[in-house]
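Presented below are the structures under discussion, each in the form of C-alpha cells.
Both complexes below contain subunit A, partnered by subunit B and then by subunit C.
Moving on, here comes the complex of A and B:
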C-alpha cells in the first residue's frame, strides 16, 4: 500500500476530501455539543421562575402571583369547616372540652385560654386573639416576649436577617406588633430564587448543631419534614444564653425522646412555671409533633410530613403539591391511598380506633393529675414541709410532662400510637406514685379521708376554682383588639407600601 | 503492529497531528462530560432527568409509594439478565438521546409496545404472589384471556405516575435536574471579577 503522502502527491483532490470531511466532523460534533449544552441550560431555566423579590419578602400574595396554584391551595387553609373526631381545621376550645386542663395549668397562662389551632392562614389573627398574649396598651405590656412571634410569620426571617435572632427575641410581645402582620407563608419554607426548601429559623439549625449534626446535609425528602420541624416541635425559652433575652431553644442535645428531653430539663433545673396549687416545678410540653412522628412507623418507612399533609394533586392537567396544609383525614384519596389501597371508611376507622384508645388512658391520667394537684394543695394547707413534698412534686412534674407530651401534639396518637401509649402509661405510674406518697403525708398530718374531687364540670367552674377573673381578661382583650391591632395593621401596611 | 506503524506520522508532522488529535479528544471529552455519559451505566433515577423533559415522570414517581422500593430501571429495563438489560438500555437510551437532541419529543410521551412489555414483566417480577396465590387459582372460561392477554397497566393505569404526563404537567416540581454547566468555582471567580 502506498503511503498517504504518496497518494496525496498523485491525487491532490484527495487532500481536499480529507479536509472537507474533517471540517464536517468537527462541525457536527460542535453542533452536538452545543445542542447538549443548550438543552442542559434549558433545564436550569425551564423550572426556575422569574423571581424578582428576595428570600425575605413577607407578602405571600406576591409569591402567589408566580405560583397561582400553590397559592390558591394555601389560601384554603382559611377553611375551618372540617372537623374530624378529635381534630380538624375549626377552632376548638380545648379548655371547654376538658376543663381538667385548667387545673393542670393553674398558675400558667394556658389556664386562661387554649384553642386547638386553625390553619396557617390564621397564625397572626389567632395570636392576637388568644388571652395568653394579654392586652397590651397604654402603659401595659404583654406577659409574653417577642419570642412568641418566632413561628407566626415570614416577617420573622425578614427581621432576624436585619437584627440577628437574639435581638429579634428581645423585648415584650407588643413591641413588634406593627412589624409582623403576614401569616405563615411562602418565605417560611422556600428560597425565592430556586424555590427550594430552606430552613428560615435559627432554632432548628442550632438544635442540629447541639447534636453534632449539620442540617445543610439534609436530603430533599428530609427537608419535606424539617421545614415543618422548625415550629412543630418541643421548645423552651433559655434566659441565660443572652442577657435579658428569652432565647428560643429546642432541648434536643441528648436526643429527641421524652426521657432524653426530660433529662435535659432536669440537668439545667428548668421549670416553665411553679404550679399554683401543688407548687410543683412544672414543664409545659409545647407540641412535640416532629419528635413523636420520628418514633412512628411512617417515619421509619421514609414518609415525610408533606407526603400526607401536602400530597401531590392534579388540577386541569397540572400536578402540584397541595399547599392546603390540613388533616389528611380530609383528603384520604391523595394522602393515605397513595400507599394503602383500602376503603376510605376503613382507613378513617383505623385512625379513630388508635385515637380512641389513646384518649381513654389520657383522660385517666388527666383525672389523676387533677387529684394530685388538689391533694398536694391540701397537704401544704395542712402544714406539710418542703422535705416531705419534694419527691411528690418531682413525681407530679414527671407525670404531667408525660401527659402534656402526649396531648400537646394533636397528631401524636396517630403518628406514633405505641410510643404515645407508652408515655401515658409511664405518666399514670408516676401520678399514682405521687398519690400513694401524698396519702402517707396526709395521714401523718391527720387527714385520713379521701380529698374530694373538685367540681370542674365546666371551664368556667374550673377557672373560678383556680381564681381567674375571666371577665376582666376578656374585656381587656376586647379593648386591645379594637384599638391596638388596627393601628398595628395600618402601620405595617404603610411600611410595606415603601418596599 | 505494522498497520499501527503506518499510522504514525513522519517526524516533521508529529506536532500538528498531536494537536489536531488532542482537539478532537478534548471536544469528545467535553461532550462526554456535559452529557453525564458515565451516569448511564448506573441505575440512579437522577440519570433519567439528565433530560429535563423527564421531570414529570420523576416527580410523579417520587410522590408515589413506588419511590421507596424502585428506581426507573427496576421497571423500565429488563431485569432478567445483564446482557438483555444493557442491550435494551443502550437501544432505548440512544433512541431517547437522539429524539431529545433533535427536539423531536412529543408534548405527551407515551410508552412504546416494547417498553410496555418490559414494564409488565417487571410488575410480575415483584408482585408475583398476586398471580400465583392459590386462592386465585379457580378457573373460568375467561381466565386465559384475563391472565394472558392483559397488561397490569391496562387497569392500574395510574400506578405510579398518575394519568397526566404532558411535558408541562409539573411546572415547579423539585426535581434533581442537572445544574449549570459552568462549575461553581469558576462562576464564583467570574462573579468576583465584576
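Moving on, here comes the complex of A and C:
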C-alpha cells in the first residue's frame, strides 16, 4: 500500500482537489454556524428590550413596541369568529338563543341583556354597550358599582395602585368612565421589567389567603392558569367589608367545588337578588371557569389554561406564546394535537359530542326552572304563605345555582363534562323536588292542574312577560353611547397624553 | 509506523492474545444467536399444536392441554377478589348494598336475588345458586327458560349445533341441567383449528343482520370486543318468533343507544314485567356493557375490550393474551399504563372519581324511583283510574329504564361517564315528572301530603315490604342444590366420558 505522501508526489493535482474541497466544506460549516448564532442571538438578545415603563402602564401598544410578536397576536383577539357547534359568530345574544334565561333572571340585570363575551380586545367596548351597566349621565347613575370594571382593563391595577382596592371599588360605575379606557392587556398579567407573570388583582390573592395558601409560592406552570383565574372565576360583592363598598370576593374559603361555594353563600345568608316571580333568594353564578377546570382531566394532568388557549408557536426562529386568546377549536394543531394524535375532525367531534350530552340536560333543567318560577308565582298569587313556600324557594335557589354554575362557565362541558353532568343532574333533582312540593301547595290552594308553560318562544316575549320596557332601556343606552362615552374617551386620552 | 506483521514478528505472544479474545467473542455471539433462535422457535413452533377436537368441544381443560399459558391464566378467574372503591370482595350482594333495588324490581325475579357476577369460572355454579332460577325438581319447573343458559357455557354452541338455536331455547331451565356443566371458556370465543376468534352465539350475528351489517366482515380488533358482545349486552326474550320459545334477541335494530333501544321496545309494546306496586309496564335492562362502551372515549380510539381486560403479557419469550379476565384496576401496568403515563395511584383515583360522580346521582334516581312506585301504589289504593295513571306509568318506565341501563352495565361509569351521567340526569327528570303528576292525582283523591318513604334500610325489610317469603325460597333452593345439582353433574360427566 502506498502512503499518502507517495500518492501526492505521483499526482500533485490531487492535493489541489483536497484543498478546494476542504475550503468549500469549511465555508459551508461557517455559514451554518453563523445561522445558528444568529437565531440564538435573535432568541436570546433581540427580545430583551429595555423597559422604560412601570408595571402599571395601561397602554398595551407601548408594551407592544417592545414585544411585537405577542402584541400582534394579541391584536387578533379583535377577530371574534370562532369554531363552535352552537354559534360561531361574534357576540351571540344568549337571551335570544335561550329566552328561558330571561325568566330565570327576572328581577336581575342579566334579564335585560346577556351577550356571549367577545375577545379581550373588546372588553371596554362591551361593558359600555351592555344594557346591564345602564345609561348613566345627566344626574342618572349606573345600577352597577365601579367593582364591575375590575376585570376589564390594565387601568384597574394602575388605579388600585394609587388608591387601594376598596377605594377603587367605591362609587357607581360611571364615576370611573374616563379613567378606564384600555381593554384587557399586558399589565393585567405581566411584570414590566422581567415580563414574568404576575397577579395584578387583589381578589385572587385574598382568595388564596382565605384558604391559608400563599399565591406567591405558585409555580410558573400554575401561574399560566392563575393569571386567567384573576377573572374567570365565581365571585360576589361583599358589602360588609368596607362601608359603602361592593368589595370583590371569590367565595373560595371552603373550597372551589359547587357545594363548597354554595355552603359559603348559605352560611352568610347571601343572595344576589330576590327573584321577581318566585321570590326565591337567588344566587347568580358568574363564570366559574377556573373552578370547573380544576375538576377536569386536563387540570389533573397539569395542563394549564395557556397550554390550550395560548399555545406556543414559532416565528422567525423565535418560540413564543400565542396571545391570540381563543377557543382551542380554532387552533387544534397547536393546542390539542401537541398531545392527542388524532385528526382535527375527530377531535372537534369529540368536543361537540361532550357539549351535546351536557346541553341536552341543561336545557331540561332550564325548562324546569321556568316552570318552578311560574308555578311559585301562581302559588303566591293564590295566597300561599311564607311557611308553605320556604322549602320550595330553597330548592329553587339550589337548582338554579346548579344550572347557572354549569351554564355560565365558558367551556365547562368540555373542561369537565363528568362534573358538569353531575351538577346538572343534581339541579334537575332539586328543581323537580320544588315542583312536587309546589303541586301540593297549589292543590291545597285549589289549583290542582298543570300550570301552563308561558309563551317565551322569543327573547322579546320573555322580556315582556317579566315586565321589562326594552325600548326605553335601549333608547337610554343610545343616548349614553352617543354622548357620554365619547367624552370618556376624549378625557381619558388627554389624561394619558400627560403621562 | 510499524505494520502489524512487523509487530507480530517482534512480540509473538500478542498473536495468542488476539486469537483467544476472538475465540471468546465468537463463542458469546454463538450463545446469543442460539438464544434468539430458541426464543423464536418457542414462539413460532412450540405453540401450534395439532388440534384433535372440534369447534364444539366444551371441555376447557382439553383446550388447555394445548394452550397451557392461556388456560392457566383463565383458571385465575377463580380468584374473585378485585380492586374496587365500593366493594372488592367476591359475589357482592347488590340487594344488601342497595335495598332500594328490591322495591324497584317488585314483581320481578331480580327482587329475590342479585349478586355481582363472579369470574367466568363460576358461571355455572352461580346460575345454579341464584334464587332467580328457582328450585326445580320433583315435578316443579324453573321460572326461567333454557334461554338463560345461553351465555353460561361452551356446551351452548355444542347443543345449538345439534338442534339449532330456537330448539335450544325451548323448555324450562332445568331440562338442560345435565347438558350444561362446563363454565364459559375456550369454545365460546375460539375456533378450534385456527384459534381465530369466532362468534359462537346466533343472537349477535342476528343483531348485526337486523342493522344490515355482516359480522363476518369484522376486523380482528373488532372481534376482540365482539366476542365479549355475545353476552355483555342488552337483550330480551322474543316470544313471538317461534311458538313456545323465549328467543334471545338484542334490540339493536334502530341502533344501540339508550333512546334507540327504548324506541325498539316501545314500538313493539314490550315489557319485561308489570311492576307489583306501581303497575308500570317495566323494562329490565340487562348488562348493556358493549352498548355503553361504544359511546366512550376508549371505543372511539379503537381500544377493544380485550386490550384492557385481557392485555398482552409475556412469559418465557412468548407474548400472549392474558385470559385472566378481570377489572383492569387489578392490572394497571399491563392495561392502562400501556397508553397512560401516570402513576398507578393516580389512574385508580381517576377511575374512582368518575364512579363517585356518577354514583351520587344514580342513588338519587334510585331513591326517587322508590318514591314513584310507592306513590303510584298509594294512588291505585285510593282509587286512581287507568286514565289518570297512564302518563305517570310511562314516566316511571322511562325513568327506571334509564336507571337500570346505567346501573346494570358493568363499568359504565368508567367506560362512558359523560353518557352515563346524561342518561341518569334524564332518568331523574322523568322520575320527578311522574311525581309531580302523582302529587296532583293524589291531591285529587284527597291525599295532599308527602307519602312517607318506606323503611327499606336492609334487604330483608325491603323484601318483606314487597311480600317475598325469602326463607321458603332459600329452603327450596337448598333442596335443589343438595339433590338435583349433584345428579346433573354426575349425568353430565358420564355423558362426556362417552365422547
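Quick note on the criterion: the second predicted complex is superposed on the first by the 446 of 499 C-alpha atoms of A that agree within 3 Å, B and C clash if a C-alpha of one lies under 4 Å from a C-alpha of the other, contacts with A are read in each partner's own complex, and residues count from 1 in each chain.
The rule is short, and it goes like this: a contact is a pair of C-beta atoms (placed from the backbone, for glycine too) under 8 Å apart; a residue touches a chain by one contact, two chains touch by 3 or more.
Predicted model, so just to flag it, every value in this text is computed and none were measured.
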| item | value |
| --- | --- |
| Which superposed partner A:485 touches (first subunit B, second subunit C, both, neither) | neither |
| Touched partner set for A:443, first subunit B, second subunit C, both or neither | second |
| Touching partner for A:429 - first (subunit B), second (subunit C), both, neither | second |
| Touching partner for A:109 - first (subunit B), second (subunit C), both, neither | neither |
| Which superposed partner A:140 touches (first subunit B, second subunit C, both, neither) | neither |
| Partner chain in contact with A:30 - subunit B first, subunit C second, else both or neither | first |
| Touching both subunit B and subunit C, residues of subunit A | 301 |
| Subunit C - residues contacting subunit A, complex | 297, 300-301, 342, 346, 350, 354, 357-358, 360-361, 364, 368, 417-419, 421-422, 424-426, 428-429, 431-433, 435-436, 439-440, 443-444, 448-450 |
| In the complex, subunit B residues that touch subunit A | 6, 10, 23-24, 27-28, 30-31, 34-35, 49, 51-52, 55-56, 59-60, 63-65, 68, 100-101, 162-164, 166, 168-181 |
| Residues of subunit A defined as touching subunit B within the complex | 1, 3, 5, 26, 29-30, 32-33, 35-37, 39-44, 46-47, 49, 67, 70, 195-197, 220, 301-302, 307, 311-312, 314, 317-321, 338-339 |
